[in-house]
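You will see two complexes here that share subunit A, one where it goes with subunit B and one where it goes with subunit C.
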Partner chain A sequence: MRDIITPIASIAASLVVVGILLAAIGINPLEAYAVMFTSSFTSKFGLAELCVKTTPLIFTGLAVAIPLKAGLWNIGAEGQLYMGAFAASVVALYSNLPGYAMLPAMFLIAAIFGMGWAAIPAVLRAKFDLNEILSTLLLNYVAIYWVEYMVYGPMRGKEVYNFPYTDLFPDIATLPRFFGTRFHLGFFIAIIIAIAIYYLVNKTDFGFSLRVVGANPRAADYAGISRQKVIIYSMLLGGMFAGIAGMIEVSGIQLRLRPLISTGYGYAGIPVALLASGDPLLVIVSATLFGFLYVGGSVLQTTYSVPVAIVYVFQSLIVLFIIAGQSLRRRG
Partner chain B sequence: METLLEMRNIVKRFGNLVANDHIDFEVRRGEIHGLLGENGAGKTTLMNILYGIYQPDEGEIIFEGKKVRFKSPKDAISAGIGMVHQHFMLVPRMNVFQNIVLGYRTPHDPLINQKWVEERVEALSEKYGIDVALYETMMNLSVGEEQRVEILKALFRDVKLLILDEPTAVLTPQEVDSLFYALKSMTKSGLTIIFITHKLKEALKVTDRITVLRRGKKVGSVKTSETNERELTRMMVGRDIVLDITKPPREFGKEVLRVEDLWVKDERGNYAVKGVSFSIREGEILGIAGISGNGQRELEEAIAGLRKVEKGRIILDGQDITKKGVMERENIAYIPEDRIGVGLAPSLSVLENLMLKDFKKYRKGIFLDFGEMEKRGRELIEEFSVKTPSLHSSAGALSGGNIQRLILARELSRNPRLIIASQPTRGLDVAGIDYVRRRLIDAVMKGAAVLLISEDLDEIFQLADRIAVMYEGEIRGVVDRERANYEKVGYLMAGGLEVTA
Partner chain C sequence: MVDPNFIASLLASSIRAGTPLLYATLGEIITERSGVLNLGLEGIMITGAFTGFAISLATGNPWLGVLCGGIAGMLLALVHAFFSITLKANQSITGLMLVLLGLGITGFLGRNYIGEVAYYLDLIKIPVLSDLPYLGEVLFSHDPLAYLAVILAALLWFILFKTRYGLEIIAAGEKPEAADSMGVDVDRVRYISTLFGGFLVGIGGAYLSLAYAKLWTEGMTAGRGWISLALVIFSGWMPQRAIFGAYLFGGLDVLSFKLQAIGVGISYHFMKMLPYVVTILVLLVSVIRKRAAFGAPTALGTPYVRGKKE
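This part shows the complex of A and B:
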């Protein structure tokens, strides 16, 4: 039974509450929503920006959704993204690899670092039953401050006028862009991976085990499915995609490493995954919705000087409404 | 005898389900009135309405000649109605005295008049033959003793009508006898009792009149002295079901399972199984009787491969499997006691649950062959007559009987050598019980060995070739069915020492 009422009602309810907030500061919410919509969907640049924002959200959505299928909460996509971005930047700036090998190497190393960062909470959870929500969340700060330290110190560039940036990546380390906009190759990679993961979860024996562990861990034990293996693999996969998101952000958009490369994409992955109830194809849809909120949010800021924080308010509301909706359903 | 309680035209709906469908129910003063019906017939719902837990959608209640409306159990209690639930509502850390006075205003309230309580409890104990140690902590009491406290608690509040919901489910035969004795003496002093049960024998033994419910409707009321088991069965299920299926005799073959000096710990790290040894042969059912919580669950989980063995050996078909995982114990089928919590992934589909153990066999390249799985799934639900809207409906939405059929389909279709069946018919209706028992007998006649763990002595006596009693982690005596009797097994279940007859 797929529940589609809860996510749709949650979006609607969040729109209403945010609308009330907008009205309270003297902005006509319908007008504001219309502006958000036209700016994202009716121009080439709007659409390009929409895809640019959606791309990392698909990855972080998957990073949360896969462990979620096994009943685990990966709150650490943000940190895993930072570690992936860091590793990819090191390769881009210091490896001197030839052009054909550069992007694949960055991709690979980012995936490995994202996985490695997720491996810590995964093993702690599998072997010692340590709550993964806490460990993934706390490791985010370690990763974010690690990147900050690197760009303030060892990795600070020579041509950055003392800003905490690395130098720009060489051209061979940047993702191809199209249509004269910031729209880049990463978007297609994200879509392909989401489809692949859909097949992994729904059509393979690993996916089957994943769903059994998520549905009832005791039934998994009973059926002889190794819970530890499923916990570790699902977290590793999640971490891998968050790491790739980091690489795509630095080599597609930022073109260098700096603090705050992510405006909370890792955390936004949580509502993206929840809204899609963990379904990898629906993650594409819900990531697009959140991408729209990011783009629309910055338009609101320029048009009405509403702080972009309204986007986070919206995100949080959606999470709250979904959780409330699910618990209401459980009580029947 | 005058009428004490009348429930007229009671209707209670839960969503689309009509739990009570225009039920008329009448109880006379001083009788023990049996409320009989299969699980889900609406017995407990009706009593919860009487006790003020639910509000009826239609209908009225007349108690002692007055029309009443109980908004909560508090109203029911102050009117003189007490209820002992299937699951006791006691505070384990408090002692008996505290549990009895909890929520009751003794004279000199807010102070507790200890002497007054003691005298009153003593008088009640003497009058009805219910003994309790007043200052013992609840945690240290047996289930039977807990039940006595519950009853005493109700009597203490001057009830006129006492409702007992499946009171014998957790008791040994001896405890059942002493409960019945106490109930009879209560009615002699004017108390009225409603006795909810689905066990025919008990209803016939202890009640004066019986009302039978079926699927939310009242089938009828009869005088106990004028009815019999066959008539009651027909009323309960709407047709005759021969409930006394027994296992036909069969030659026993090779030894399938041997357990040697097995020691297993529970979750808290205490030994729950203490040096258990037994063996089962092809075509044989070994029944393990005993009250739940005496190490049965740990024993079955150890054999199924879900729990670590501390000491001892498990040998299946001559091979030591003590250290092997669940996957390597393919030849063992396990029908767990907790069907929904362990045997099922309720949010997944019927098909996925059927394939829970075998999905890896359907690998084709990197993907699973869902077409093949569906084909097999359809065969299985056909063969085991699992009633489900589709293979893709969620398994948790099935009825209890169909969930058990689903589990049987998965477990028995794998042609196991050993079947561990734990409380396989608990909570099922008569048709479901019948089906499960036939399936087990079928499997055993084809040469499987069965370890049957059950609290239901009738079941053990009907199915098992040999009967063992488990008490506090030990096996107390293994006897052939022909040589066993209820009294002896009951005595062992209650912790009696082995008697060599």
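This part shows the complex of A and C:
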């Protein structure tokens, strides 16, 4: 039976702890949560922003969930996202591709770069048994500073005064938006990919070997499934989703490359995947929850000037509570 | 010709920059020696840095700040200890969440402290010795915590390798089932080591805000927690070797800063990248040469369950 108590109790417990923190700086938590709710769900713009924030989280949730099926922790979605965004931006700004080829090329190159960035920890894990949690995490910083270097240096735009931005992408390199809001095509791409991955995991041989390696590595050996291959493929797949998230962020929302294109979407992928217990369809649901936290977090910032760092607190607490819940269930 | 004054001031600042690394490395050595892997150093350090700064600002007493920074570090370490020892959960993922938690909480609470000036630790110039040419500046003109760090390293070496309690810590990290059969309470030893380790890491953080930078900025640890993690491996889990490692990395930090100041063109962004690249490389070398050859505790990162065969 699927455990639904742990995720719900974890969310509730995190809301309580963050509420205490809010109260500590003199904000009524109930009022704050109410403001978060109404601003996300009661207007066209609120709902559009909810989808805007949910889109990258579906991708990063998948980026964590797929390797996790094989028992691997991909903490590197943040860096893979940045590398995907970087590669897509290079194509958008310098390739001069015709309109029909531009977005597909950006999509493809972002997927490849995300994959490539994930390949480093994947190979190190498969060949040398290097802890992938540490290596994926450390590579995030390298990717983020790489993008910083590019936008402060070689890729800085001509029309940006002294800001560390590239120039705006040409129109053919941006995703179409709808309803006069920031809601864009990326949302549908995310949903379609999540459904496709659901089939990949549950209905294919690859999905089967993924689940076997994660559940029982020794059984995988007996069944003749190469653990090394599964480790590498699952990480590559994860990196691919995160890379695509990067492309969608720059061509759907930012319309240029700049530092801080992601406010921790890659890290948020961890609780998104955990809450969904790795199920690609449930990832859509838990990504929406975290999308809500992001929209609510920025509303808190504008209404009460609460730093967005509160979102990180939420994420880490939810993960800790889920892990505690799982351990207790295992023992009890 | 290299100016001897430049060298002297470089060495002196290497020691200052290395001291927070030394505290954090020593703390993690004690933690890991008992068999617990705490990846949360970055989050514990930043929490120590913020708590120390806030308390010093509120009370006017930087020493109270340092103490509270240590205690804050200990509290985060307690979370880690509870998850990894009592719940026997995945230690890597819990440690990592401490980083997110520490950076998040301090970013949240620390907003109003940016730009404030707190009381910081004064230098103690050791009489006579500090007047020695060059040597006086390098070795004998530091704040008390810098001296204390070296003494602490020696003390921890002594405790680990020359006392019965040190033997118990090492046994808990190497062969917990053997330690258990000798009557050592493995969980208790691991709890104490993890808490004490967190305390030291917190002090390393407080040193950053109260002695080194003398101010609070969000994310001011800037990768020092990760560097310290690499330094544990680099020093082969030996407290005495950590001293040299910490000062060496402190020196690299200062050197890059000074080179930039005199216009040698190394990109700022690549310098920021460096701690993470170095950490990956150190890890890589250590796994390629097999952990045991480096002296890693055998049971590092493995929860101990009584009566369960490995």
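Please note the rule applied: the second predicted complex is superposed on the first by the 332 of 332 C-alpha atoms of A that agree within 3 Å, B and C clash if a C-alpha of one lies under 4 Å from a C-alpha of the other, contacts with A are read in each partner's own complex, and residues count from 1 in each chain.
Convention: a contact is a pair of C-beta atoms (placed from the backbone, for glycine too) under 8 Å apart; a residue touches a chain by one contact, two chains touch by 3 or more.
Computed from a predicted structure; not experimentally measured.
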{"item": "Which superposed partner A:R211 touches (first subunit B, second subunit C, both, neither)", "value": "first"}
{"item": "Touching partner for A:V201 - first (subunit B), second (subunit C), both, neither", "value": "neither"}
{"item": "Touched partner set for A:A118, first subunit B, second subunit C, both or neither", "value": "neither"}
{"item": "Touching partner for A:V283 - first (subunit B), second (subunit C), both, neither", "value": "neither"}
{"item": "Partner chain in contact with A:L72 - subunit B first, subunit C second, else both or neither", "value": "neither"}
{"item": "Which of subunit B and subunit C A:L139 touches, first, second, both or neither", "value": "second"}
{"item": "First, second, both or neither for A:Y149, with subunit B first and subunit C second", "value": "second"}
{"item": "Partner chain(s) touched by A:A219 [first = subunit B, second = subunit C, both, neither]", "value": "first"}
{"item": "Subunit B or subunit C, by number of subunit A residues touched", "value": "C"}
{"item": "Touching residues on subunit B, where the partner in the complex is subunit A", "value": "15, 304-306, 325-327, 329, 334, 336, 341-348, 352, 355-357, 359-360, 363, 366-368, 370, 393-394"}
{"item": "Subunit C residues within the subunit A interface of the complex", "value": "39, 79, 83, 87-90, 92-94, 96-98, 100-101, 103-109, 111, 218, 223, 226, 229, 267, 269-270, 272-273, 275-277, 279-280, 283-284, 287-288"}
{"item": "Subunit C partner contacts - residues on subunit A that touch it in the complex", "value": "21, 24-25, 73, 75, 124, 128-131, 133-135, 137-139, 141-142, 145-146, 148-149, 152-153, 267, 306-307, 309-317, 319-320, 323-324, 326-328, 331"}
{"item": "Subunit A residues touching subunit B - in the complex, by the definition given at the top", "value": "1, 199, 203-205, 208, 211-212, 215-216, 218-224, 332"}
